[in-house]
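Next come two complexes built around chain A: one with chain B, the other with chain C.
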Partner chain A sequence: MTTDYIAANSKQIEQFLTFELANEVYGVEILKVQEIRGWEAVRVIPNAPSFIKGVLNLRGSVIPIVDLRERFSLEHCDYTQKTVVIVLCVKRSHAETFVMGIVADAVSDVLDIKCSEIKKAPNFGAQLDTRYMRGMHVYKQNMIMLLDVDKLLNPDELDDIETISDSVSVDYDELL
Partner chain B sequence: MKMNMPITNNEVLMKPGAILVTRTDLKGVIAFANDAFVEISGYSRAELIGSPHNIVRHPDMPSAVYEQMWDTIKKGNPWHGVVKNRTKAGGFYWVSANAMPLLENGSVIGYISVRHASSRTDISEAEQFYRKVATNEAALHSTGAAAFFKKIKEISLDKKLAFASTLLAAPNVFLMSEFLNTADYGLLSVTVTLTVLGGLMVFKISHNTSELVNLSINELRKVSQNKFGVPPNLRRDDQFGDLFRTIYGTGIKLGSDVGRLNQDTADALRIISGLENVQSSVLITNVNLDIIFVNQSARTLFSRVEADFKKHLPNFRADTLLGTNIDVFHTNPEYQRQLLGKLSDSTMYELELAGHAFQIIAKPVISADGSRIGYIAEWMDRTQENKIEREIENLVNSIKVGDLRARIHLEGKEGFNKSLSININGLTDVIESVFMDINAIMQKMADGDLTGNIHTDYQGAYAQCKDNINNTITKINQFIEQIREAAEFVNNASQEIASGNNNLSHRVEQQAASLEEAAASMEELASTVKCNATDMQQALNVVKSTAQLAEKGGDVVKSAIVAMREINESSNRIAEIIGVIDEIAFQTNLLALNASVEAARAGEQGRGFSVVATEVRKLAQRSASAAAQSSEMIQNSVQKVHAGTTFVNETGTALMEIVGYIIKVGDLVGHITESSNEQSAGIGQVNQAVAQLDEITQQNAALAEEAAANSMAMSEQSAKMTQLISFFKLSNKSSSLAVRQHDSTSKKAVVVKPKSAAVVQSSPSYNSDWEEF
Partner chain C sequence: MSIDMSQFHQVFFEECFEGLEAMESGLLSLNIGDIDSEVINTIFRAAHSIKGGSGTFGFTVVAEYTHIMETLLDEMRDGRRQVTKKAVDVLLGSVDCLREMLTSIQNEEDVNMVSAAKHQAALEIELNGSAGSGSAPKAIEVHEIAPVAVANESEEIDEEQGWKIAFCPYLNLLKTGNDPVRLFRELNGLGEFTANVNIQDVPPFDELDPEECNISWELKLVTDAKEAAIREIFSWVEDDCALEIAPLSKPKKVKKLKVTPSAPAVDVVEVISVAPEVVESTAKKAAAVVESDPSKNTPKASSSIRVDTDKIDTLINMVGEVVITQSMLGLIGENFTMDKVGQLKRGLAQLERHTRDLQQSVMNIRMLPISFVFSRFPRLVHDISTQLHKKITLKLVGENTEVDKAVVELINDPLVHLIRNSLDHGIEMPAERIAAGKPEMGTIELKAYHRGGHIVIEIVDDGRGMDKAKLLAKAIEKGLVDEATIMSDKQILELIFMPGFSTAEKLTDISGRGVGMDVVRRNIQSLGGNIDIISELGKGSTIAIHLPLTLAILDGQSVAVGDETYIVPLVSIIESINITEKMLNKVAGKGETFKLRSEYLPIIRMREIFNVKSGEATKSNEGVIVVVEGQGALCGFLVDELLGQQQVVIKSLEANYRRVEGVSGATILGDGSVALILDVPGLVRLSVR
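Showing the complex of A and B:
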């Protein structure tokens, strides 16, 4: 489907929000971005996987915050003022979506990228899961990894997150 | 009557206990006088012996006294009287005189007179009495009634007894006639019987008494003639017994005295005969220096020299020496007497008389009571001894003054003197020989000839002397050889010394020049050091001001630090502001991004908004990058300010340290200034020393020049010395060596010659040698 999407829209221009993670630039479709926020302290969820830093109250809805460094097994880094949280609207299934935040070192830009300029991610075999990669784009000598937001997390992980966010949101509402 | 005049009033007192004894012949001529008499009379014995005894009579004595004396003693009775006698000088002496005839075999052979010292009372009585006799106021013989009573008094004892008996018998005759008349025949017969008995007893007593008295007289006469026997009646108990025993005791006492006298006489005789026969010539005189003894040796001596003595002493006669006074020996008797008078112990003196020399040992003879009773003299004829002594003395004097040819003449010498003379001549021969030998050898040595030796055989010290002289010559030979070698060596050495001294002289001059330069340098140095001191003072001031400046710098640094801090604060604030701006930019960016997101979501409607959002985002990004740059710059600036603060702090510390060091530097500069001053003083002293050194060096230079000149002279002298030593002619063995050495010396001298002009010019023959050489 994705390939179709690419092929269908090869003349189309897509906007990507780029961000930095461990000095590498990544990009997500801007239409998946709900909001960009600065880093603020999160409510830590006990017994959660390490890449889930906690939950955040976003105007009444509780959203899980995922640290992509952890998720991508990158070197851990302290959070700074530049650290931002990109709130994504993730499509779980055709009808279902849910909101989650990813922690990025910094947001860089909003790029207009032609679909033809998006290179397919290389295949590394079964050893490496590359499903979350949508493709690579070369911009000003930098290779930007374009992520498929919907496939960032496994379905199990998504379940976990959903559970967390629901339970929290319930609690949060009750608290309100 | 003989009148001995003159008289003086000088009384000569007799020594207490002295006894004056004289003996005369029947005519009153003195045959013996003891020493005491001779001494007190003042006459010599020779004058007294043979003179009549009245030679000593004093004119004050009445002649009647002497008549009475002669009457008495011619009757055979002893006479006593206090008599005043005259001395030869006219003085007088009182004696208690006793005169009596001297009996031998019952006949009178002369008279002896024994005198004792008289008591003063007796003397004064006698003096008065004699004065009265002289004026006829008194008489020696009693006259008139006095003579009659004297006669009666002196009637013999038996006659007196007969007379007394007759007187006693007279009343009895009267009584008998009375009794006859009265025919009282009883009483008559008793009376007659008693009277007859009394008469018989008186007769018997008178007879016995008279007989005993006569016996006593006989015994006493015997005693007076030294005939000692045992008198009768020694055992009688009456007074006659006592009388005889007393006579007997007196006899024994006299006998013992006579025995002792004989013993003394025999002793004296033995001594005299001993003295007579001793070899020494002995004369003995009494206290008046009358010769009383001459022994055989002395008689021989004096008879031998009599003829010579008579030339000077006409009165001298050897055969009548005995009894004469020793004045005959002396031309000045008084001096001799004084000399002897002082004599207290044995004294030896020399007497030169008529070509004869005598050694006389005189000694006073002192009696038991300490008085001087004579002199004994021992004569020795030392004429021969003196002669040989004089000859030996002359010889010794000759030898002393170096005349060794003198000898003692042997003519007329006998015995010991001859052998002594021969020996002394022998001694002189040896001494002469020794000195002749030594003289000869020394003469040779004086001429430089050392070839001689002493060959004569000597003994003892002479042999040692000879050996030593021979050894000396040998040694001198060796020495001169060695000296010759040494002179040669000295010659070479002296030339070397001369050149060395020249060098020294030059060097010393150079040294002097160097010293002058050194002195100049020192002066420069001194001025430099003074400048240094001044500079140091200035440096000190500079250091002080530097220190002040450094302190000020410290203050400035403090203010700088404060300013830096303020800058820092401002920077921080700016950084904060920039942070805020950055945050705003960030937020703006985020907002712009969100806007872009919204615009994108809006699709075509949101295109314009998207462009705006993009512009805003660009602005925000520019603000962010500007803020980032500002922040970076501010950070930079803050860091630099930090670094600056650190530097300023360090500068402050460094400045403080600099201040400390500058103070130290100031102290050091002060020290250096002091040191410079001291150095300046020291350099002054060094300068002075250098000046002295310069002076000394100049003196040294002068001395070195002198030394050079002297060593030149020395080399000349050593050349001369070599020449002089060649004067000596050495003994065989060494002389050849000497000749050889002489040649070598001359060659060496030539070799040395070119080195110095001071060498004595060599002879032409040596020059030819040189050419050959």
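Showing the complex of A and C:
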């Protein structure tokens, strides 16, 4: 579906919010972002997967917080003053949306990206699951991984702890 | 002058449905052969106000239909007619039909005319059948039988695009395996479709051949489809009927068909001879096909609520009190000095009390008597017991018990399922009952009462009860349990809640597909309740459902485990005690128990079951044991500390996340942090695993 979508809208420009995670840059569609806030203590959910840090009170509704470092099996790092929570509005199904937060090291920028410049993620085989990726984009010689938030944060998907990457060590020359 | 009538529609529909319910319960309480004028009056009044209302709002179909019911009821009231079982059944059928019509109108769909015509025919027969002597040909007004369509207004518009189709099947149409109803459905797909049936040619009963098609139709189809499209639909029956298709704008009168709904009454009161059974059977046959999709007609959930004026008055009083307290506090705050601290404290205490009262009265508004659910069951029991040839009475106890509106809405389906089960599997056939030395008439009792912070709904039957040996054998056969497992009686009974379990020897359309009970239990658990069974072979079964009174707010005890704070619902707490080392025992070095007076209770260490890592491990002699009741058994939760009691607003975890085992929801504490509310029965289940 992603490829068709890209082909049909190749001239369109989409905005992405980029953020850092273990020195890699990731991006999410800005239309999904509800707000950005500083890290604060959360309430732990018992017996939840380790990447679900807990739940937070966001003006009266209880939202879960996902640590993407742990989700992607990156090395753990302590939360600091600079750690941010990006609150995203995710589509669960056609009509249902829900709110979730992701922890990132820092927010970097908002980029205008032409849909034609979004490259499909190459098949990394078993070592890397690309289902959660919208695609990849090269910005000033830097790789940006664009995440498909709806798939990545679907609560039904949160069970399979699969790694997306241990940082992209794969050769991506073909993309450039 | 034009007033937008649609603003009153919602109220009208609600009143209609209430009226229908009143009619239904009145009809069910009518004793056959005995005329209780009070009951008949009630039914009559309900029918009359529906008729009046629908006339006002221009729902002529409903008004005309109710008019016939009214005539019948009027005769009963005056004693001109006996109350027979048949008459009551026909009236009950028409109540259903009216409900269907009103639902369609409410959902802005077309009224199912075929089923309406069927009921109307049955009504007419009942009405006219006993007027003359039994064998005399019965008079039926044609225009009453012809389904009167919603299209009454559209009739006046001449420029309508569409087709008028005269469809006169030859006698052998049915024999060739063609079904007119199927054609009509096809036509209905093309546009706004109206059918007028013509039964002039139906012969007297003694000359009738049920396999011959003696009726013809005049069809009206408002559509922009081409004539060819319509011809194509009829292509299968072309050789077995006379077909004339004419455009609507130039109405072409077919000689054979004189009847149109808008024609003046004088024209159409044609008295013909017809055997009632024919009309009924053909109509039934026709209706059977169309009616097969009733699921579409689910009524819109009512989003409004009727509240006692008393409740509102109390609420207004409360608000007044709060306002007074607030202005008093404002006064203290204006030029505050330290000597006013006592006054301030008193004011705050007062405010707290008023807020609590206010909250309670607001919650009260959401409370509805459980009779909203219960009132549907007499009918269900009546219908199903007739269908199964069983004799069953239903006793309702505690109908005025109040419960949250949300619970009322969600409890209906599980209850229907459980009652069907009792009817189908629980109560025996009359002969079997007599043989077992029981009264012929079986009894099902539906009870509701409050206990603690819960409402308990019990379904008690005096039927055959559940055979535990059979249950166990079945479970082993299905591989649901191991043969070697030793199970208590209670555990065996709970087997029926396992998915894919059904002991019924044969499947009936009422119950026995084995998909039900696990769904019932899941539904009830999702409401925060639980379900228990007691059953004795030969004596009957009792199914008890425990539900929380409200789904929005609960009284909770907050407890600390490490850095975490959890809320234990106060209603499930029996007591809390400080423990000492001596009170703890280990069974086989593993299962921990402690002695509470004369009982040994299992201990659930919250720290372990929830994998809490923060803080130091609770020492055996420092923690607090909260004794709770869940799933009918007592057990102790070992926590670090009791924090305090407070009322908490329940927030759903599922809204943004998903269900977490052992947790029924979340809430926000005074400091803005989140605390999880424990699901006590769930935790007990979790710890058993």
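Please note the rule applied: the second predicted complex is superposed on the first by the 151 of 176 C-alpha atoms of A that agree within 3 Å, B and C clash if a C-alpha of one lies under 4 Å from a C-alpha of the other, contacts with A are read in each partner's own complex, and residues count from 1 in each chain.
As a working rule, contacts are C-beta pairs under 8 Å (C-beta built on N, C-alpha and C of every residue); 3 or more make two chains touch, one makes a residue touch a chain.
Computed from a predicted structure; not experimentally measured.
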item: Contacts of A:110 with chain B and chain C, given as first, second, both or neither; value: first
item: Touched partner set for A:146, first chain B, second chain C, both or neither; value: neither
item: Touched partner set for A:133, first chain B, second chain C, both or neither; value: neither
item: Contacts of A:36 with chain B and chain C, given as first, second, both or neither; value: first
item: Which of chain B and chain C A:45 touches, first, second, both or neither; value: second
item: Chain C versus chain B, contacts on chain A by residue; value: C
item: Residue ranges of chain C touching chain A (in the complex, touch as defined); value: 564-565, 609-612, 614, 651-653, 655-658, 660-663, 666, 668, 672-676
item: Chain A partner contacts - residues on chain B that touch it in the complex; value: 583, 586-587, 589-590, 593-594, 596-597, 600-601, 613-614, 617, 621
item: Parts of chain A lying in touch with chain B, wherever the complex brings them together; value: 15, 17, 30-31, 33-38, 81-82, 84, 107, 109-110
item: Of all residues in chain A, those that touch chain C in their complex; value: 41-48, 54-57, 60-64, 98-100, 155-156, 158
